[in-house]
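Look for subunit A in each of the two complexes below; its partner is subunit B in the first and subunit C in the second.
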Partner chain A sequence: MADILINVIIAFLAGSLLLGLHRKIMARVQKRPGPPIIQHLLHSLKFFFKETAFPKTASMPFYIGIVFILAVVWVVGVIVGPVTKGSLLILFGVYAVYKIVEHNSGSSSGSPYGKASCVRAVLSAATELPLFAAVVLVYLKTGSMNIGNIISYQASNGPLAFSIPLAAIMFFLLLLAKSPYSPFAITKDKTLVSGFETEHFGFLRGFIMFSESISWYVMLWVFLTIFFGPLGVVGYVVGMIVITFITGFINAVTPLLNPNHSVMSQITLGAACFVGTVIMILI
Partner chain B sequence: MLNYLIYLLTFVIGSIAGLVYSYKLHGEPFVADSSLNILYCIISVVGWVLAFNSSNMLLGGIGFLLAGFVMGGRPGYGRKETAIGIVIAIIVYLVLHFMVSV
Partner chain C sequence: MVNQKITCIILLIISTIALLACLVVNFQDWVVYLVAIIGIPLWVLSLGFLTMAKPRPEDVEERVKEPFTGY
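Here is the complex of A and B:
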């Protein structure tokens, strides 16, 4: 229990700092000073002490419950990932539920912005296809869905990023889609204000930011673990910072894609990488 | 894992303290003083060297606290000092490991 609690707090703090770094990098690329790196963490904490208002159009108790479901989902992600090194399938399930939460969070508020974001959340489920394909390819290569076994496989055969690089690219696409201000972040398009989060204020928004920080940490941890073999703490820290740098650069110089283009780009890239990896495995 | 949690917490506490102190020092709406702050530089070097090279949880925690204090300053302040601190800490780390392996 203590191990879970420690890992959840680490995931929250590290994820918040990485998302703060992400904002800083984007700002520097755009020649702005940008906020301090701890700004994302301060924002998250600040929302817990802000006044919470509930819209009259909100669908209670779903409107509140969905936020806690989001937090629970990513705490489960921490337990299955860094704590127990369990099954990749459960992590895939966590990501699928996250998409459902994104969808329902928008629809439960009653806001037109939330509803538009909710519809886009259905479209953006396309990111799950490359994730699913990457998981399948990792299974085909290693013969296991268990993260612990995948780490052992890489310890004896080398990192999967070198043997199935296209699968790693597919997973990276998911990270890119999940990162803030991503070209694929159609649910949080600025024309929709804050998308599915628009009508969530106060501690509800605090929980959403808490969950997002944990999710960024978990996604990076899973990517580094299943594609870059057994890593030490320094390896994880450097890897997470490098990926945050890369996604920050890409997001700073890339405009948001139209929803249709976003979905088609991800599916096309995912399909190309899947076929390429299958050919590489067969050859 | 508890030691990593303590490192993270001390870094965050140091960053918050650094941000508050930096705003007290510099209330201007723009970066008014971009020169190298020697005191900050020393704090940064000590902090990063301790953070990178100390296997002791207490010393490592103090290191991250000091490193966070300088790095967490108001945007535009503490950047050069942090860069110098990290570079020197990496050099110290490499020298120590080279000496141990030789």
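Here is the complex of A and C:
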């Protein structure tokens, strides 16, 4: 249990700081000073003390339950990833449930913005295709879905990022899609205010930010582990900062795609990378 | 509102005891995972219900009346 608690706390703190860094990088690219790096963490904590009310139109208890489920999903992510180094399939399931949470968070709120975001959450499930393809390719290459075995494989054969780089790019697409202000973040388009989170304010927003910080950390950890593992603490820290920097830079200079373009771009890139990797493995 | 507060205090105590019990006692792995998966989010949720500020009585209706429909 100590291991799980420590990892959840590390995931929350590191994820919050990385998301703060992400905002800072985006701001500096756009020639703004930007908030301090610690701001995301402070916001998460601050919201727990803010005035909170539950709209009459909200579908209770689902409106609150879905925030709880989001936290459950990413605690499972921490346990399967950094703690036990378990199966990639469970992490794929975690991400699938996360999409369901996005969908139901929007629909339970009663807000028209939340509902529009809920519909887009269905479309944005396209991000799961590159993820699934990447997982399949990692299995084809290493013969295992177990993260521990994949680390061992890389220890003797070198990082997978060099042997199946297109699969790594596919996984990176997922990270890009999940990062704040992403060109693929159609569920949080500013025309939808805050998308599926619009009606979750006060401490519920703080709780969502808590879970999203953990999710960012877990996804970066999984990416670095299955494509660059085995890494030490310094390797993870440097890797996470570098990926956050790259996604921040891309998001700062790329406009949000419309839903059709977002889905088609991801599917096209995913398909091209999948075919390319299969050819590389066969050759 | 009073019922909500009491429920949250009970849930906070239960989740805290469950997490501490798993720290101290050597349970089977699946028990520890189950307690962590349910207990950690429950602990944060119940803590949030206790720490959140409530709207003033005269503002309550205004806060819950309409969904947010724009600036």
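Throughout what follows, the second predicted complex is superposed on the first by the 283 of 283 C-alpha atoms of A that agree within 3 Å, B and C clash if a C-alpha of one lies under 4 Å from a C-alpha of the other, contacts with A are read in each partner's own complex, and residues count from 1 in each chain.
The rule is short, and it goes like this: a contact is a pair of C-beta atoms (placed from the backbone, for glycine too) under 8 Å apart; a residue touches a chain by one contact, two chains touch by 3 or more.
As the structure is a prediction and not an experimental result, all values here were calculated from the model.
In this superposition, which partner touches a larger number of subunit A residues, subunit B or subunit C?
C
If you stack the two complexes on chain A, which partner ends up touching A:Phe210: first (subunit B), second (subunit C), both, or neither?
second
State whether A:Ile37 touches subunit B only (first), subunit C only (second), both chains, or neither.
First partner only.
Give one of first, second, both or neither to describe whether A:Leu224 is in contact with subunit B, with subunit C, with both, or with none.
neither
Counting only touches as set out at the top, which of subunit B and subunit C does A:Leu160 meet: first, second, both, neither?
Touch partners of A:Leu160: none, neither subunit B nor subunit C.
Looking at A:Ile10, would you say it contacts subunit B, subunit C, both, or neither? Reply first, second, both or neither.
first
According to the stated criteria, A:Val135 is in contact with first (subunit B), second (subunit C), both, or neither; which is it?
The answer is neither, since A:Val135 touches no partner chain.
Output check: A:Ala71 vs subunit B and subunit C. Expected answer is one of first, second, both, neither. What do you get?
second
Sort out for me which residues of subunit C touch subunit A in the complex.
19, 22-23, 32-33, 35-38, 40-42, 44-45, 47-49, 51-55, 60, 63-70
Quick one: which bits of subunit A touch subunit B in the complex? Just the residue numbers, please.
3, 6-7, 9-10, 13-14, 17, 33-38, 41-42, 233
What part of subunit A is in contact with subunit C in the complex they form?
Subunit A reaches subunit C through residues 1-2, 4-5, 8, 48-57, 64, 67-68, 71-72, 75-76, 79, 109-114, 193, 198-199, 202-204, 206-207, 210.
Within their complex, state which residues of subunit B touch subunit A.
Going through subunit B, the ones touching subunit A are 1-2, 4-5, 8-9, 11-12, 15-16, 19, 31, 71-76.
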